[in-house]
């Protein structure tokens, strides 16, 4: 069932996929295990870049770009600023009791096993990888769909962002305590 | 004109009373309650003339819930009881001063509205709404205008509220289950038609029983009763014991028995025995009560036990006797609680030990009180005798021992009531001054006594009114 | 134009997503630092996004990408608000360990 | 028919009208006027009764009056109706007749009481209910009267309501009666569902025509037994007799009217009325006879040592009622009725006489403080003497005939019961003359002041006494052995051939002689003990031995108290203090359990996000595995 990549006769695409996947997983792990939050953030940026690579591999150029802009550009900068603002470093990290770690590992294993078992158990019927030939992932097509069918959600997304912006401003405003 | 007019009058009355201000409230309330009574009498005439005074309007289509008010003889009799007692109760409270009277009287009318609705509703959900609606006013009446220590009172009243509400929830579940079986309809006719297996009937019966047993109350679900009766203002006690208890008993006849007839037949003896156990238990506990209102509460427990036993016999006599006794008991218990209130107005106490020697000071009050006491112990020629006799007769048809045990109410009832009367009214003249009844108090008593004596000799109008609908219900019960 | 998945196989993307998602969960459980927890959540979101895109390609349908687009917008909003909350928590408590956030204790 | 209805209504409603007038206007009318109104009301009833009596004797047909449907029960219909036949009119005659006399008497007797109008209203109410009881056309109308007279008895025993002892006595009477009433009700139920009617006429017809099955016979027996329990309550038979002596707490005219002449005979009336039912239940008849005999003996023995003049008479009443039940037990209804009538005469006279004595002594009832009243109160003395002779069975006074008939009947059926009855009769003669000697002979033993005020009562008191004494003397004429007018008059009522006419043979004369001798013996003993030897009963604390047991009425009251009343009270306290609290705690307990669960559940909400997440993940695992793996 499981498609084991045949490294000997691997195509370029397969090699790229394996490489990207490896980076993605490793950096994701490192994000979590790094003691220094800044390191975590950096690893996460790498992780996001590799995911963007996946997008490119899947021919979703627009999303790849947006992903880099939004995640690596906006979100991660926000993270870094916050970390720096709080002046967090390794000492700041609290001691984790052993039971927490154990619990985390147990649940991690459990959920991996469960999800994979489910996937295998469900015996997916993978159909033909057909191709319409049309470049449906181009900005042109995406833009049409987004502004026709998904017009209303699209507008709502903008409202959501606006609200988030206002909320953020309100939240981070310094309160005048005890006055 | 149909029965919804009564409900409208009462509802408008409740609001009008609330907006008329504290000074006018009692009068406005009396006026509206009398108007409702008048309206119901006119409707009774129309009903007897063969006119259709029922209402059925679609309300919600899915599930099928209708605004259906069915006025048959049984419903009308109960409505008449409610609407006859409401003015008496309101009038009897004229001797008291209440804070925020507009709220008080408004709630009374609102409660009358809800109870009337309960007696008329012919749709499961509508009935349930009215049923629960009636609980809200009495909760506030007992909580805000009650007497005794505020903390104790809150405890008792909240217990009552939650207890009865919890019981009713089982009924709601039963209704929902039934409506599923009846293709989503809550209409009483459709619910009657539902075919249920014996096991389903058992659970439905039990769910209804829990709601009614707490409301009626049947032992051992009565623990809320005595405390609430004692703590509530007398008006609240009258409403509770005079009318609200009858909601439970009426519902047994209207809903519980016809919907689950197999279970009713199967477990008849158990429920009759429970009712009769209530008779004996209530009577015995009443013997040694120190508080006048508590004693009356337990006497009420004993009487409703007998009524419930009568209903569960599933015979025409039993049902008829139960309804007669309901009406009779409604009047008597209101009268007795009013007598307790009259004493309280003068002596500021209901402790039996502190009373006594009133007879020499107030012959009129004594006579009226005595008549009520005698009616309560079902002396022949009072209305209660007619009911009690019919119920006991029906019990004797089921099993003679039921009649013998239920009949002990005749002995024990006389024992505790006369003992109470002796210690409250007789003996050496009390050192405190007891003014005899005022005119308005006298009128309340006289009306109640007149009703009791008149129907004691001539119960035919009521029997004729209720018999056809009881026969219909019996047909439903015996259909298979 | 050939479907790229011919060469990779959709199931590999599923495995990758699952692993990524589980790493996210693991991070949430494992770390006490609220910022890292946040990052883990981002990883989970990205795992889902990745799967969306993979299936979009598989079905040759752009709708999946539209979803990813929206989820990015939501993620952006979420991070902005979340970080603002963290900042204000940090200001008040002097720490962002989630162990200190126990005001909801029953 | 219209005429009859009006007559019947007039008969019933006149006393009721008197009651209403006295209740509402009695106080403003003044004592004498209210007394007169009360008396006139009863007298009118008496006159109506005479008219009816005349009609019945001339036509021989019963009058049935139906007013309207009263209670509807699926298979029996109960009318509010009246049945005026030989039995009811006979009963009415002495109820209204003696009632009138006693009302008259009361005008004088109660004149000092501030609540005289109330007294008369109650008396009128009593007469109303008694008439209802007697003329009801079915058992349920009888029951109205039955309970109604119980109520009046309650009101009148507790007439002096400031004294809680009297109130206790009143309450006791009412409750004891109610025990019997339950029996009566149950009896009615059984009759009702066995024969589908409670109407006397229909019942009789059904019983005479019905096809007998064992089940029906059994039902009839049980019904008869239950009805008899009812009769026991009202007519003070063992085991329900203890209320009657206590009922003497009421004013003396009440004792005379209710507790001697009329109300207590209601049980006998009911059994006679339902003779066709009891005839079918021979076992129950035996029970009745035995209970009657025992009651008569027990009450007589207690009567031997009582010192309260009214208590003596009360026990004598119980004893005489026992004799009547003895006769009923043998199916000799007309004999019982005969004794009821003569007993009504002489016992009313005795009570009124004792009332006159008590009146003269300003409320003194203890015979040890009386004596020598013969000279001061000659009319009272002579009338009471006549009545005492009558009750003792001295020949040619009324009691002689009736008691003799009872004993004769008993002799024919059962020798042991005859002996018991005879012994009771001898004792009766003894204690009645003990009463006479202690009260009227020798020297006055009361205080000087009482002695100073001794006087004969007024004419309103003495006239009824004289009339009753005459009746007591000659009342026996209505049923002379051999030519019994009463037997012929009552004959239509009975299904059996009315008691085989005792042909006066040697046995009968011997028995008569024995009875007379017995009576005279009793009188002689009393004479020797209380006249010759000049004994006066000891004061309470000096009574010892058997007489102490008798004086304390075999401790029956104490036994009842210990066996029935106290356990119920203890049970009541137990229920109130433990069961009620327990149940209440149980309900509160449910609430507390919910509270406790909430409290424990609250601790689960530790606030630790890590834990929440951990549980959340586990839960998610569980749910998705359930959804996807558990097929």
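Observations on the model:
Per-chain numbering from 1; labels A, B, C and D assigned in written order.
Here, contacts are C-beta pairs under 8 Å (C-beta built on N, C-alpha and C of every residue); 3 or more make two chains touch, one makes a residue touch a chain.
The structure presented is a predicted model; accordingly, all values stated were derived computationally and were not measured.
Taking each chain's centre as the mean of its C-alpha atoms, the one that lies farthest from the centre of chain C is D. The interface with the greater number of C-beta contacts, when C-D is set against A-C, is A-C. Averaged C-alpha coordinates give centres for chain B and chain C that are 64 Å from one another. Chain D has its Cα centroid 97 Å from the Cα centroid of chain C. Mean C-alpha positions place chain A and chain C at a centre distance of 5 Å. Remark: chain A and chain B have CA centroids separated by 69 Å (rounded to whole angstrom).
Residues of chain A in contact with two or more other chains: 100, 103-104, 107, 111, 115. Among the residues of chain C, those in touch with two or more other chains are 25, 29, 32, 99.
Chain B has no residue in contact with two or more other chains.
Two chains count as a pair here when they touch; such pairs are A-C, A-D, B-D, C-D. Every residue of chain D that touches chain B in the complex is listed here, in rising order: 23, 68-74, 80, 118, 140, 143-144, 146-148, 151, 154, 158, 161-162, 164, 167-168, 171, 174-175, 178-179, 181-182, 185-186, 189-190, 192-193, 222, 568-569, 571-573, 575-576, 579-580, 583-584, 586-588, 591. Residues 601-610, 613-614, 617 of chain D are the ones touching chain C in the complex. Across the complex, chain A is touched by residues 610, 614, 617-618, 620-621, 624-625, 628-629 of chain D.
Per the touch definition, chain B reaches chain D in the complex via residues 159, 162-163, 220, 222-224, 226-227, 281, 284-289, 315-317, 320, 357, 359-360, 363, 367, 374, 379-381, 386, 389-390, 392-393, 396-397, 400, 403-404, 407-408, 410-412, 414-415, 418-419, 422, 426-429, 457-460, 463, 467.
Across the interface of their complex, chain D is touched by residues 25, 28-29, 32, 98-99, 101-106 of chain C.
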